[in-house]
Amino acid sequence: MKKLINDTADVVSEALVGIGAAHADLLRVDLDKKTIMRADGPIQGKVALISGGGSGHEPMHGGYVGMGMLDAACAGEVFTSPTPDQMEAATKAVDGGAGVLHIVKNYTGDVMNFEMGAELCQAEGIAVEAVVINDDVAVQDSLYTAGRRGVGTTVLAEKLCGAAAERGDDLQAVANLCRKVNDQGRSMGMALTSCTVPAAGKPTFELGPNEMEIGIGIHGEPGRERMELKSAREIVAMMSEAILSDLPFESGDQVIALVNGMGGTPLIELYLIYNELNQICQARGITIARQLVGNYITSLEMAGFSITLLRADEEMLVLWDAPVHTPALRWGV
Amino acid sequence: MKKLINDTADVVSEALVGIGAAHADLLRVDLDKKTIMRADGPIQGKVALISGGGSGHEPMHGGYVGMGMLDAACAGEVFTSPTPDQMEAATKAVDGGAGVLHIVKNYTGDVMNFEMGAELCQAEGIAVEAVVINDDVAVQDSLYTAGRRGVGTTVLAEKLCGAAAERGDDLQAVANLCRKVNDQGRSMGMALTSCTVPAAGKPTFELGPNEMEIGIGIHGEPGRERMELKSAREIVAMMSEAILSDLPFESGDQVIALVNGMGGTPLIELYLIYNELNQICQARGITIARQLVGNYITSLEMAGFSITLLRADEEMLVLWDAPVHTPALRWGV
Amino acid sequence: MISIENLLTWLIALQTTYLENKQYLTDLDAAIGDADHGINMERGFTAVKQKIEATDHNDVGSLLKITAMTLISTVGGASGPLYGTFFLRASTACARKTTLTNAELVNMFDVGLQGVVQRGKARLADKTMIDALTPALEAMTQALENGASLTNILQAGTDAAEHGMQQTIPMLAKKGRASYLGERSIGHQDPGATSSYLMLKTALDVWGNEET
Amino acid sequence: MISIENLLTWLIALQTTYLENKQYLTDLDAAIGDADHGINMERGFTAVKQKIEATDHNDVGSLLKITAMTLISTVGGASGPLYGTFFLRASTACARKTTLTNAELVNMFDVGLQGVVQRGKARLADKTMIDALTPALEAMTQALENGASLTNILQAGTDAAEHGMQQTIPMLAKKGRASYLGERSIGHQDPGATSSYLMLKTALDVWGNEET
């Protein structure tokens, strides 16, 4: 394992100190509770947004804390959900009296830990709503399973709901928007290489020199299918077909698109992929109204990418364009 | 070689189409001359800034085209300087009558190709100034050699000079500022892994499972020294010592710091590295007044990082804070 | 009769167990999960060991509650809330007790398991830790009813857990991270079922000699 | 006497040469540069081939100028401006000629080399292409003065270029990308010196038989 770290046990805390130091104007870091908070919070009267999850997906979530997006992000160990006491502390710290929305990615651990954290807060009279994001079309959905994973749509939900909270929407409205975003967002990922959890010390899986995994998760979970490496054109066609037919997206739809690198994919490849995606959407009469191309929800140093499409109405576009000021997303300010 | 591409011959053009499509509001792409230009250019009366170089360093330079930064970026093949006809066409396209500054990284190829491009334009009466950036302390400087490479300071120079041009400074002033930034900026890089040039099909160099290269270039050039992998703390100490003692930076200095990923390094590691750098600076009485942490000048999928420090006066900080609106850097707008 | 000292010995021995099996559990998790189960368990029980060694204990319930809260706040992931809930429920079944009879011990495990089921909503054959814990509880209850010794009760539970753990190999995962793999989850042993088996095995190892 | 056809044959043969040696030159560049020299040369001469095959030519100067401009606008890197300048200068030495005598041919190479030196500002033993070209020019000039045949002139140039190329191995690079390596550049053959040797070698191969 080759990593730029000191002790594997200290990776998360040292990175938290780093992000706090680099963005001292925006963020406050609670090292004890491994939580990143808006420096200017709590904002009285504003619905507060909290997300969190295992570390190793940077900039998610800590990079999305700030004006117009999250109020706090709880960081777990690498690829391990944070614990209920973190969510409890964060919820109390950011509550400005208008309630707190927990944006939770659908992984058993995240869901249960957030649930326990919310229960602790609700017991003390804080209004907490939780929305679980489950947008990964690589996983079959079913009532009897853990269901679909939460991936790229999380980033879009955090932006849009953050803007809604900022303009004064109440907790129910922000939570409903979050559910709507989740309902209309779909994602899928793939990998060329595995990643290595620092504490594990070796790659989570092995791929041959000519193999790729399709339908990969963001924690180095193997995908649904291993196959021979194909051209970017074929891969994007395959993945967008899975995404487009799932909602389904239709001619005339406007979408927000996220072409996301898993951490080890060069930006030149992501733009090449965006070109393929854009052509497919155009051919289907789907307009990419807004887009992000870059590393937004990563898996450490994994090479690979994911595509997220969100069917967006005019209100969502307005919320998308609203000012945001976080380490990873910034505009309008 | 595992890459998300189609034909190796088309990587650069397809990525250019992608960046043009993703940022159609900001950019215009000339596919024939492989040049990315501000959509709203040429700006009459404003000094225009051009940079360029081999591809594979994204977001540099195309990601820095836009208001407050570059007017055009010429893209060469991967790791290969663009050609004089590209610089000639770009210079003519962006000249708003106030002259054009070429920001050139000090590589033999880049310098010669820009030189020939500038000669062609000057022959037609366009005022062109060229500033060569050579900030890499890993390379010994000498009159009798190719001298130091241009690396991270290039990004800072493009931002600061772009802001100076935007506020109306004339060509001489912008060029002088660029020289000053180059004089006061120092960088050094290292790698954990090589990168693979698409057309070459295999890694440029091989590193053992416990080895690293110190003093690496941004084109997969081997560094000055290969050694056993050390802790992030030791690596940052070693690199900052080389940087700090070179200028030298002194107690009381204010700096702009860039902790830059080479393309395959996860952001969590870059923040951990920033923490180490920040502590070293603090201990020496050096204040990091502004900072960037992320992938800004990359080497395809190489794992590794570089540090750039620029001694900044108040004017530079003002220029740093001035609005910028490009694909990769955006604030104040 | 299980004393507080016996319980302490077990909880501390669990730290050794998960330290020794850290790589093994993590490798199992790498195959169908995210390669951290051993790391999670070791981190949790190392914290538990530190916590419970730092103070005196005279109430089984509060000892188990400390264990629960420590697991909940240090493990994270799926196993943190699940094992945390296991010990939290177990603690309520042992409130203000200083010793446990065999029946109380089996009841403690049973109440704990119910907590896991409620929290995780997994069903038998979903390929989770309850596929080890449920048969273990059945076997222990049976042994208890047959009037077996503590050693034999734990032996029965451990054997059943081991068998249940092995039975997870051919299962298609329906819960937890392995469920994302669909068919590809078949053929791999569930890491959580394995850590549950190890929990019982450790009890057998440390208590098996000390007859009641 | 070198005819325009002879020159065309050589320029087209260079495309084959650099295609065949693409990997070899790139590997040399990987050791002390950025692993693209073979790719650059092949790209450039493939473009040259396409360009010059598309039209008729009746002036050596303009044929060489087309070659120069094509190299300049397709190769990039260090070798693009250098070989581009080589052919641009060579073209001025051959303006409005339809054939070249041996002396004019050697002069063409010489003027081209001067252009490379002016553009690149490298000195002998800096470990660049001029370490192959300079001895080649000396040898060809000598052979010409001795009244040697075209074949022998080219043989002398090729041998000297090959020797010069080999001499770059122990050199410490002072120019180009290899200079960043300092001491570590020692022990590797310079890719540009190699492509220059191949340029002469190809001339020998295609012209060696056709005596003037």
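First chain written, first letter: the chains are A, B, C and D, and each begins at residue 1.
One rule holds for everything that comes next: a residue touches a chain if its C-beta (ideal position, glycine included) is under 8 Å from a C-beta of that chain, and two chains touch if they have at least 3 such contacts.
Since the structure is predicted, the reported quantities are computational estimates derived from the model, not experimental observations.
Summarising the inter-chain layout, the chain whose CA centre lies farthest from the centre of chain C is D. Averaged C-alpha coordinates put the centre of chain C at 75 Å from the centre of chain D.
Chain A and chain D have CA centres that are 54 Å apart. Centre to centre, using the average C-alpha position, chain A and chain C are separated by 32 Å. Within chain B, contacts with two or more other chains are made by residues 78.
Along chain C, no residue makes contact with two or more other chains.
Taken chain by chain, the contacts run in an open path, each chain touching the next and the two ends left apart.
You'll find the chains touch as A-B, A-C, B-D.
Against chain D, the residues of chain B that register as touching in their complex are 54, 76-86, 107-109, 112-113, 115-116, 136, 138-140, 142, 144-146, 149, 197, 199-200, 204-205, 217, 219-222, 224. The touching residues of chain D, counted against chain B in their complex, run 26, 30-36, 39-40, 43, 72-82, 84, 119-120, 123, 174-177, 179-182, 184. Residues of chain A touching chain B in their complex: 2-6, 11-12, 14-19, 21-22, 55-56, 58-59, 63, 78, 192-193, 209-210, 212, 229, 231-233, 235, 263-275, 278, 291, 293, 295, 298, 300-301, 303-305, 330-333.
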